[in-house]
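Below are structures written as structure tokens.
In the two assemblies presented below, subunit A is common to both, partnered first by subunit B and then by subunit C.
Moving on to the complex of A and B:
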């Protein structure tokens, strides 16, 4: 006889599945922010200093290729974590520094995208493109890969 | 009784009726002169889409500000006024080449402040030719005309623009190399060296060399700045400044009628440091001036400096600045600039709101050759990208 799952249990399971999907919780229960490129990308490693240079508008060659950094504005919490963990400053301080660098040297600012799907499309189209996301956002994507773990929830 | 146009700390005010005509004529002349450069910028901006190659593209920034101020009327002719300005910056980067232009449009003037074409041989090195801000002026090198980025409404007077009672050359036309070198771990050195035109001494003001003015004659100027960066990608810096400039005296200069030229040697030091919610920016300059006159040669020296301390509390920033000049009374060179403010103490408060908007209230007490005066100003500033 087939065992029936109570409706209340199904609701609870559905709630947690949705919660994990929304918040980027991994199978182990920790959320992660990762640096992502396309599978075909020649970029295989990024140091912390290179990452800071990239997001401050400096042209940085990674494994001989000039990378194209993209800012992920799809989630406020993700941004906050990225600026604190990767750039070692608040978003406000980062914005101010970008303005200053453009004013002083004419330096280019990283492109901003507000949709995760847009970012994924750009990564697929441009193998030099690089961005940060919740790991859960690429869990189902076979054509994207992680090059660096930026933050792990403790 | 004349109504005077914006004077701020200037002692030489211009009657409003006359100033409107004069400024109108100047603006028309400038627009004609700027037309080729502006045309090139507009052409590039309209035909160049964001480049597909990483490290290539263009940027357009706007800095806007509006200010109302009141100066103690008992000390100087009435000078309460409002001032609005827009600073427009455009840069284009292609194949290691970069073009950069900065245009100021205000109720006072329209001027192409910077127009540089350069080569980027390395990610942190650039070689530019054109008109730029001389690296010996630390404040100008950090904030340029981006009012929103500087906390205070006013800039220290020793860092003042040539047309705003400044006594140091701030604009130079020539060549400039800027580079950052990594040292141990993440520390680094920031170096900027330039060589180009000097300025012309006008009547009460320095006049930067104008490439479009065929009658303009200027000497040469050398400038260098070396700074230590505890974090090569950060803003904190401490360093030294060296410079030598030759200023020719123009026919309009009447304060020392027999003056032919001035040779000026400059040594200085600066610090720009943020620790937590505290920020300090400070610089000191020692200048030695040799005045070559028809009948004699004379020399003098003076030292000028400032310290600005800022404390951020959430979106609020409280700040104060003290600036002073030692040896001003004995300096023949400074007599050429009667509006130069020899000392000033100020306090202010700034509130940042929305995205990249700020409103600032500032009060100061100052002294120039005309005497003591006080000023209160309120300003809105913003940046748009």
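Moving on to the complex of A and C:
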């Protein structure tokens, strides 16, 4: 009996394992969320206003091209960061705005993807596609490129 | 406790309390969660929008802002609404508001949801592009006002729900009372009805349709019950009277038959006694001792014959032959005259005879006997000197609805003869048996017990009936009914009389 690991200790261990798995914390430095396109994409810069318009479904020409925004639903925290730093509004307000703009202008809503690999594939196929993800997710990819820093861990 | 819960009021209260015990916490949780999320989201939207506005202000300058202007802007953010912390972090420098300290910087922990990190400050970070540099705008705003507002809203919801609960309890009490009051009223009356008190009506003082209908139905039932009950009571009473009469007349009949048989035999035995005694008396010289003895035998035999006749009169074996239409008024008058001339002067005899024609089909001598026997008994019942005997004769026409009279077989009209005295009266046990032959309460030698049985026999053989009502010490009333016949009608047309 005494040799058993107490349940609470096990829980804490499990918690940390999960935390590392979910947030993808790595040993090297602070995390970043970045806006990503394919290497051959004509898009080179996005202002914060353009970014907000883009993700509210409004037509935005970036360097003369109409970009195709993609939402990254692979990770809860990523979404929180997206709403706070990129959209500067709550999730509820974002959905509300999106709906009302869609109804007013009849625009398509940004597509939603749940897997990072999917997103990467779309970026590679469509050079107008643009999305956000952890910088760590594209560290290994040399055919994808960062357009803008969205968030930097403090 | 369990009994209180089994009342209407108890049940309603229990139901209201239980349902509210489930619903109110649920309602509270939903409402408070809703208001909290709403307030937090609103504040978050405001903070993010405001921060973005500040970031845009820095970003969208045609020429990048001098650092002093950025610091001034940061100061204005901290001084503004809920402002706590403000800095613009660039790769090469850090432009922080002059109002915040290094210690404040240590506290900066970025929030993504309201009320996280237990610091009552919402810290957030916005990416800013200043010239070619990527920077971070780090701002902090106090959460305490919004938290206080949320707490206030929660308190308000709680108070409203408590007031609501109290109101619900009050309303349910009122409802229970309005429901149960008319019901308990109904219950009280229906209990009285069950105990046999039908006097109160079942009426619900209520406007609730079901209760009113229930009261209506119960009242209908009570009404039916009352009617059935009274019908039953009169029927039972009638039956009891009839049964008593039947029992009585059967007994009298049996005794009469027996006595009649004995009297008949006796009469046969008396015939040779009387006959041969008379023969022997004729042959004996007057004044002889033997003749004296035989004269006594003759008297005794005559007395025996009278007795036998009385018995036969009672057993109605003397009827038929001498009957004819007779004026009952005349007979009663003669009999009472005879009686008053024989009785002593202190006796107050009152006679009241109707003027109406009063003809019966019968035997005058026998009817005479009836009046005399009744009067004699009355006289004997009066112990002192101040006695009063009242004899009345009236005629009546039968009331068509009286079922009782129908069964007595009396005709359409009949005479009522009453003999009333203020004597010692008799108890119920005595009056039960007085019509039996040889029943007497008098000492041996003083009464034969045949007087009333003879009266009974005569009245019955005339198609009438006789009743007595008496109480010990209260005097007695004998009532005789005799069927009347129309005056002077030929004999043959008379209906055969019941015996």
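FYI, the second predicted complex is superposed on the first by the 127 of 154 C-alpha atoms of A that agree within 3 Å, B and C clash if a C-alpha of one lies under 4 Å from a C-alpha of the other, contacts with A are read in each partner's own complex, and residues count from 1 in each chain.
The working rule: contacts are C-beta pairs under 8 Å (C-beta built on N, C-alpha and C of every residue); 3 or more make two chains touch, one makes a residue touch a chain.
Since the structure is predicted, the reported quantities are computational estimates derived from the model, not experimental observations.
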Worksheet item: So if we stack both complexes on subunit A, do subunit B and subunit C clash, or do they fit?
Response: clash
Item to complete: Give one of first, second, both or neither to describe whether A:118 is in contact with subunit B, with subunit C, with both, or with none.
Response: neither
Item to complete: Would you sort A:59 into first (subunit B), second (subunit C), both or neither based on which partner it touches?
Response: first
Worksheet item: Regarding the shared-chain residue A:149, is it in contact with subunit B (first), subunit C (second), both, or neither?
Response: second
Worksheet item: Looking at the overlay, does A:49 come into contact with subunit B only (first), subunit C only (second), both, or neither?
Response: both
Worksheet item: Where does A:40 make contact in the superposed view: on subunit B (first), on subunit C (second), on both, or on neither?
Response: neither
Discussion item. A:77 in the overlay: touching subunit B, subunit C, both, or neither? Say first, second, both or neither.
Written reply: second
Fill in: Partner chain in contact with A:85 - subunit B first, subunit C second, else both or neither
second
Discussion item. Considering only the listed stretches 97-105, 313-321, 331-339 or 367-375 of subunit B, which one runs into subunit C in the superposition?
Written reply: 313-321
Discussion item. Quick check on my understanding: which residues of subunit A belong to both its subunit B contact set and its subunit C contact set?
Written reply: 49, 92
Worksheet item: In their shared complex, at which residues does subunit A touch subunit C?
Response: 47-49, 77, 80-81, 83-90, 92-93, 148-154
Worksheet item: Which of the residues in subunit C come into contact with subunit A in the complex?
Response: 41, 44-45, 48-49, 51-52, 55-56, 59-60, 108-110, 112-113, 124-129, 134, 136, 138
Worksheet item: Quick one: in the complex, what on subunit B touches subunit A?
Response: 50, 53-59, 61, 63, 89, 91-93, 98-100, 102, 116, 120, 123-124, 126, 141-144, 146, 148-149, 178, 186, 233, 235, 352, 356, 383, 385
Fill in: subunit B-touching residues of subunit A, taken from the complex the two chains share
49, 52-53, 56, 58-60, 65-68, 92, 95-97, 99-100, 102-109, 111, 128
